[in-house]
Amino acid sequence: MSTLQEKAIPVGQKATRLVVRRRLTPTVIVYLALVALLVVGSVLVGLRGEVLLDQGGILNILTRATALGLVAIGQTMVILTGSLDLSVAYLVGLTSLIAAETMAGRDGMVVPGVLLALAVAAGVGLVNGLVITVLKANAFIATLGVALILRGYLEDNYTGPAGDVPRGFQHLGYDRIGPVPVAALLMLAAAALAWWYLSRTRPGYHMYAVGGDIEVARLSGVPTRRVIVTAHVLCSVAAGLTGIYLASRLGSGAPYVGTDAGYDLESIAAVVLGGTLLAGGRGGVVGTIGGVLILATLDTIFDDLEVDPFFKDVVRGVVLVTAVALYARRMIANRAPGRLA
Amino acid sequence: MTWRPRLAEGTAPVLVVLLLLLIGLAVAGPAYDEPSGYLALLKRAAPLMILAIGQYFVIVSGGFDLSVGALVTAGVVIAARLINGSESATARVILLVLAFGLLVGLVNGLITTKLLVPSFIVTLGMLLVLDGAIFLWTGGAPRGALSAGFRTFGRGAVDVPALGEVPWSVLILLGILLAAALFMRGGTGRALVAVGDNEAAVRLSGGQVDRLRLLAFVLSGLLAAVAAILLGGFAGVSAQVGDGLEFRAITAVVLGGVLLGGGRGSVVAAAAGALSLEALFTLLNLLGVSGALESAVQGVIIIAAVAYASLGNGVRQRLRWWPQQRDSARPAQPAAS
Amino acid sequence: MTKRWALVVAAGVLALAGCSSDLPDDQASAGGSPSSDATKSKFFDQTEYDRQLKFRSATPQGPDGKPWEQMLEPEMVDTAKFAKPGGKYTLCFSNAAVNNPWRQVGFKTMQQEVKLHPEITTFTVLDAEAKDDKQISDIQSLSGKNCSAIIISPNTTATLTPAVEQACQTGVPVIVFDRGVNTSCPVTFIHPIGGFAFGADGAEFLKEKVKPGGKVLALRILPGVDVLEQRWAAANEIFTGSELKVVGVEFTDGDAAKTKSIVADYIQREGRIDGVWMDAGATAVAAAEAFQDAGVDVPAIVGEDQQDFLRLWVDENLTAVAPTYPTYQWRTPIIAALKILKGEQVPKEWVLPQPRITDDKVKDYVKQDMPPLHYAMCGCEGMPGYPVPWK
Amino acid sequence: MTPRTTTSVRLTGISKSFLGVPVLRGVDLELRGGEVHAVMGENGAGKSTLLKVLAGVHRPDGGTIEVDGAEMSFASPTDAQRAGIAIIHQEFTLLPHRTVAENVYLGREPVRRMQVDRRRMVADTRELLDWLGEDGIDPTDTVSSLSVAQRQVVEIVKALSTDARVLGMDEPTAALADHEVELLYDLVRRLRERGIAILYVSHRMREVFDLSDRITVLKDGQFVTCAPTGELTSEDLVRHMVGRDLGEYYPDRAAPDDLGPVRLSLRGAGNQRLRELNLEVRAGEIVGLAGLQGSGRSAVARAVFGVEPFTRGVLEVDGVARRVTRPRTAVRLGIALVTEDRKGDGLALRQSVRDNTLLVRRAALRGGRSRARSDVPALLDLVTVVARGEHQEVRFLSGGNQQKVVLAKWLAVEPRVLVVDEPTRGIDVGAKRAVHELLRDLARRGVAVLMISSELPELIGMSDRILVMHDGALAGELPASASEGAVMALATGHGIGEAA
């Protein structure tokens, strides 16, 4: 193509810009911010004569990241697919109860308890997915509706913590290797699995495609409905894993363990903080884990500094908006001029 | 083309639902034999309806406002602390609360339009900031007290000729609803809907997209402040007065057939959605449905409403559209080859 | 799935192979774990009910006028092994939350109590923001700090038991107050008499004030919270044995607007309500206002010791009673901790008196300058600096 | 990986209805390997539906599809792909944030040991690109970094990667500039040489004559005729398509004394993409603005309208120098812009015809409420919109009617300068003619019209004079009825000396 020659210079420029852009993806920014936060936090905590990243500190950060991390991994998948899940918080509570009640203190029931909890979670995810794809309800409303239904079920059937987890199973929640909790490792393993799934497998590719442009995906032969349903099932299963983990940690199931922690909005915040586009199609689990670690680190630093819990909320809100504003600026700067408006 | 009364797209179902609920109320509760029962319902529903009207502006222009619940709490807590029982401070503080709502809306809108952060995230952040900041300021729990004058708007009633005692909140609601309906019929209102539909088209038609969206957030903030005044007036100081109201308002708007993502729906329907929601709660209460199942019923209903809107609508539209296309086509002529 | 289980197994093997676990040893949980049927059973417990009702009339031991230092039928335990003379104590406190006015008033009272004791050099507080999981981490991290004593106000009973056990195992004295845990490992568990007494106080009042056959409306915050369930269980017990007619039991979510709506509905539906029982007083004012707004007299009503209710009571001359769940109990853990660290005996279960405010005393508790949601039974009026921190 | 042997496809008696309304009524079509078979017809004639039936997007209600003599039934696009049929849709079907290879294999990613075989994907994509001679595109490039033409190539590679031997193209040149169109022609011819059967759907007469071997004409869902291209004239085609003779295409030009004062003038105007522009448009005339895509002709429109404003020079409206830095200012000065992307930039599709008609008036101007009610029907009559009523949502209108609504929206504010960018893109012959007449009518009423079009016959037919752009500057001016050759010479930068 002869005409390409006259474009040779701009293409060159574009290439250098691309390199810069690749270097500073939101994921990279998140981890740079995490490192900066750790440094600043260490200094601030150090000024009080304490150490942020001692064994206890690391343990704290990782423990706090575990449950939110698991939920956020699932949430990443649905958000990447262009959807959203507001039902995870109640689902975490529900699955913790199912696991703990099935186990009822018996060692032999651990596996059935876990499997049943995951099965129920998958079922809820399936409902979410089907309501969105078949009934064509907006994801926000669909999952809000399912959340309300779950809430009704929980309120109607439970009056507080119930069920009992055998001691053997509690090791999942309490064991650690050095300063690293086993559960955090499992969470990271789940993240790795999700990363592999999203960036290496066909269904993962299709999630990006559906989130990027559902029409394009459909015309290209991507089974869009199946992809959305799968994303929701996986998200709910991740919430189910969170419920199981919390059951092991709490020793029983607790109906409001998910909502008290605000896992619905907080997981969305973590995902977006991690650089995933709320509209879908761009981002990934690696960034999400970074986002979760930032939130967990902030929490730990604030605890060490004994900051008023209300102040924490203020900072969380500001951090969230600032981060997303930063990503938005980068996107505009990088966007090729094309469309009129 | 003759003008005829016309319901905006998606309005009819919510009116049917509302009618059914009101009939249900009349059957289930003796209190709803007379107008005063419905007036009481309207009074109760007024804050949510006003919130829904505010939320409508944001949703129809393509956004979300998750901060209204926190803003209601903030409004009540601020008013209580500043008034501190003093009657003379009332008027000043009411203006201040309204200004605060306006300011929060302005910040939401500016961050959304200038920094291009999705409104979902902006208002989620604002929710966190407000929740934290307000209690940081008051040291954890509400302080001070509301004056009787402040509470009149949510609590009191006024004699209206021919109607008798009408609660202030109902009058305020009707005023706002009327203003909102007129606003939406006017140019700016229509342009706001068009922004939710196609921002670029409005911009290239010379519209000020950012200013319109900003306006939507400001209106939402302002109306949340009004709702705070009514709720604070109705029920007094409470630290959790606004809990969950954002989701309830969004639910109401969606129930009213307004499209999430913007571009379609009427403000009257959004308010009707809120009234339906409140009527539903009252009906469930009258029927003795346990509080626990209430949320489950609510969940089923909003899913059904949205599914009906998107599924039912598609079918109806196509039925309507295709024959029309045929009419407009030229009469077929034999091919001359 | 197999993969993941392999990981779990591997983790288990690692744990066996000497990797550390923060899971407390089994024998520590002498109280035993709750069985699922126990927590789901009816909340009424005759023995405990009788015990609490008896406590109400028992004479407390301890200094007069300082109910936070008094104790009912104490069973003292020796704390010599925890004695750590010389002062310079670091007290650590894992708080469930400060998310409601009751906890706010309590926490401020506790902070002021700490200031009264120069031997406390550091008071470290971790706030769990009402998250069980965070409180477990908080307790873990407090266990790792050099605390002289750990005070815990658990977010929920069952779920925090393992964490409390874990804290016990560090050898540092552990003090639990407000809600309990299912283990006897803490040195002392501090609480007012309890929910049955609270519920009974209100119900007995209505039984006395409302004419037989009168209609009573019971308003509850939400189901499932053990303390609140006990209150209702006791009230229900008393109502059942009376000639009162309970026309409705409703949950208000602690939402004033909802409360008002519910009460208004009942006034319309029943024509007349003769008594209102509440399991917590936060929305008592809203309930009373519903009557005022409907243009009828406020009937006999049960509230709590919040200022807004007490003021309304005095101003409107209500027929009312205010059982309390006194916030002065937040002073006691600090006092107990210091006793323990000095090697003095403390009760294994430190039951505090739980007064109720009646018509004759109500004026003493009204403090015009305090915030509306301030709890009168804070035991804080005599503290230096009062009333600034509470305002 | 190269396509296998040639294939032939035969559609017989295809019919398809949507909710009882027939769209295709017994259409026959035969397609051979190594030919370019054009399908023509007005909008609504059923071209796109036919293409979608072939692609497995729609299932026909009746009729048969045979591929190499074997009867097929396609339940999905995947089925059609398996039979060697692939479609390039009118809109781009690429994900901007994904790489070329990921886009090419979207939905059909090769899998090896549970993972997407990325190496193979990239290698195969590169092979296809090489086969087409498109080595300027790297399979690992992100699509957002490619030019429009390059994206078109990726689209074609995507279709070919399915092993397609039958390629359906729906208005493939719609988004391309003239020089890119030439490249596409080249590509299509190469595909033909390699034995691919190409079904080519287009509105553009010239393209069809340049490229196709045979032409099938559809009208109202029915087969009208099929003939070798050489046996048809453009007049024949038009007659077949509309069922009547449209006669001369374009309305009369302006007479010299129709011209009024200068409405719009640029002196030394420029910005990042434009250099030293000097031009004038008078009341009553239509000035054509020609140029290859990328020459800056649309940039002039955007600059005049304040989207990407001029940073140098003077812009005068009615003789007064103005700074137009945003569309709002332009609108208030009486400048109107009909953009090339009417769905993306021009209309709020879910809003009613009425609301769209009043959009500019409401968005940019104040007041006028009382006048609005009586105005709208008159405006819609003027632009001859066919709709169910003024409350019908615009998305349910045909492309031509939508474009008329766009024009109505501008007429509602009575502009003095009207800039139209590709005003007839993708609309049928009848609507096209209506738009042409409307533009001329506006000129007669004293509007200064600046018209941009990549369809040279249209531009030449409509304009009173033609300005040609090349590389961000004016290359020259040509009188009415200049030849296409003369325009192209200037546009490609060859004739600058002689014309200036």
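Note that the chains take the letters A, B, C and D in the order they are written out, and that residue 1 is the start of every chain.
Quick note on the criterion: contacts are C-beta pairs under 8 Å (C-beta built on N, C-alpha and C of every residue); 3 or more make two chains touch, one makes a residue touch a chain.
Remember, it's a predicted structure, so these values are computed and weren't measured experimentally.
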{"item": "Which of B-C and B-D has more C-beta pairs touching across its chains", "value": "B-D"}
{"item": "Taking each chain's C-alpha mean as its centre, the one farthest from chain D", "value": "C"}
{"item": "Chain centre separation (chain C, chain D; CA means) in Å", "value": "73"}
{"item": "Length of the line joining the C-alpha centres of chain B and chain C, rounded to whole Å", "value": "38"}
{"item": "Centre-to-centre distance between chain D and chain B (centres being mean Cα positions), rounded to whole Å", "value": "42"}
{"item": "For chain A paired with chain C, centre-to-centre distance based on mean C-alpha positions, whole Å", "value": "35"}
{"item": "Contacts with two or more other chains, residues of chain D listed in rising order", "value": "307, 339, 344-345"}
{"item": "Junction residues of chain C - those touching two or more other chains", "value": "98, 222-223"}
{"item": "Residue list for chain B, restricted to those that touch at least two other chains", "value": "140, 200, 203-204, 291-292"}
{"item": "Touching pairs - complete list by chain label", "value": "A-B, A-C, A-D, B-C, B-D"}
{"item": "Complex interface listing, chain B residues touching chain C", "value": "29-31, 37, 40, 44, 47, 80, 139-145, 155, 231, 234-241, 243, 282, 285-286, 291-292"}
{"item": "Residues of chain A that touch chain B when the two form their complex", "value": "131, 135-138, 140-142, 144-153, 155-156, 265, 268-269, 272, 278-279, 308, 310-318, 320-321, 324-325, 328-329, 331-332, 339-341"}
{"item": "Partner chain B, residues of chain D touching it in the complex", "value": "18-21, 44, 219-220, 222, 224-225, 239-240, 243-244, 305, 307, 327-328, 330-332, 337, 339, 344-351, 355-356, 358-366, 368-369, 373, 377, 386-393, 396, 398, 401, 409, 430"}
{"item": "Residues of chain C defined as touching chain B within the complex", "value": "98, 100-101, 104-105, 107-108, 222-223, 250-251, 253-257, 259-262, 264-265, 268-269, 282-283, 285-286, 289, 293, 308, 371-373, 391"}
{"item": "Chain A to chain D touching residues, read off their complex", "value": "1, 3-4, 7, 14, 18, 196, 200-202, 204-206, 208-209, 212-213, 215-217, 219-222, 281-282, 335-337, 339-341"}
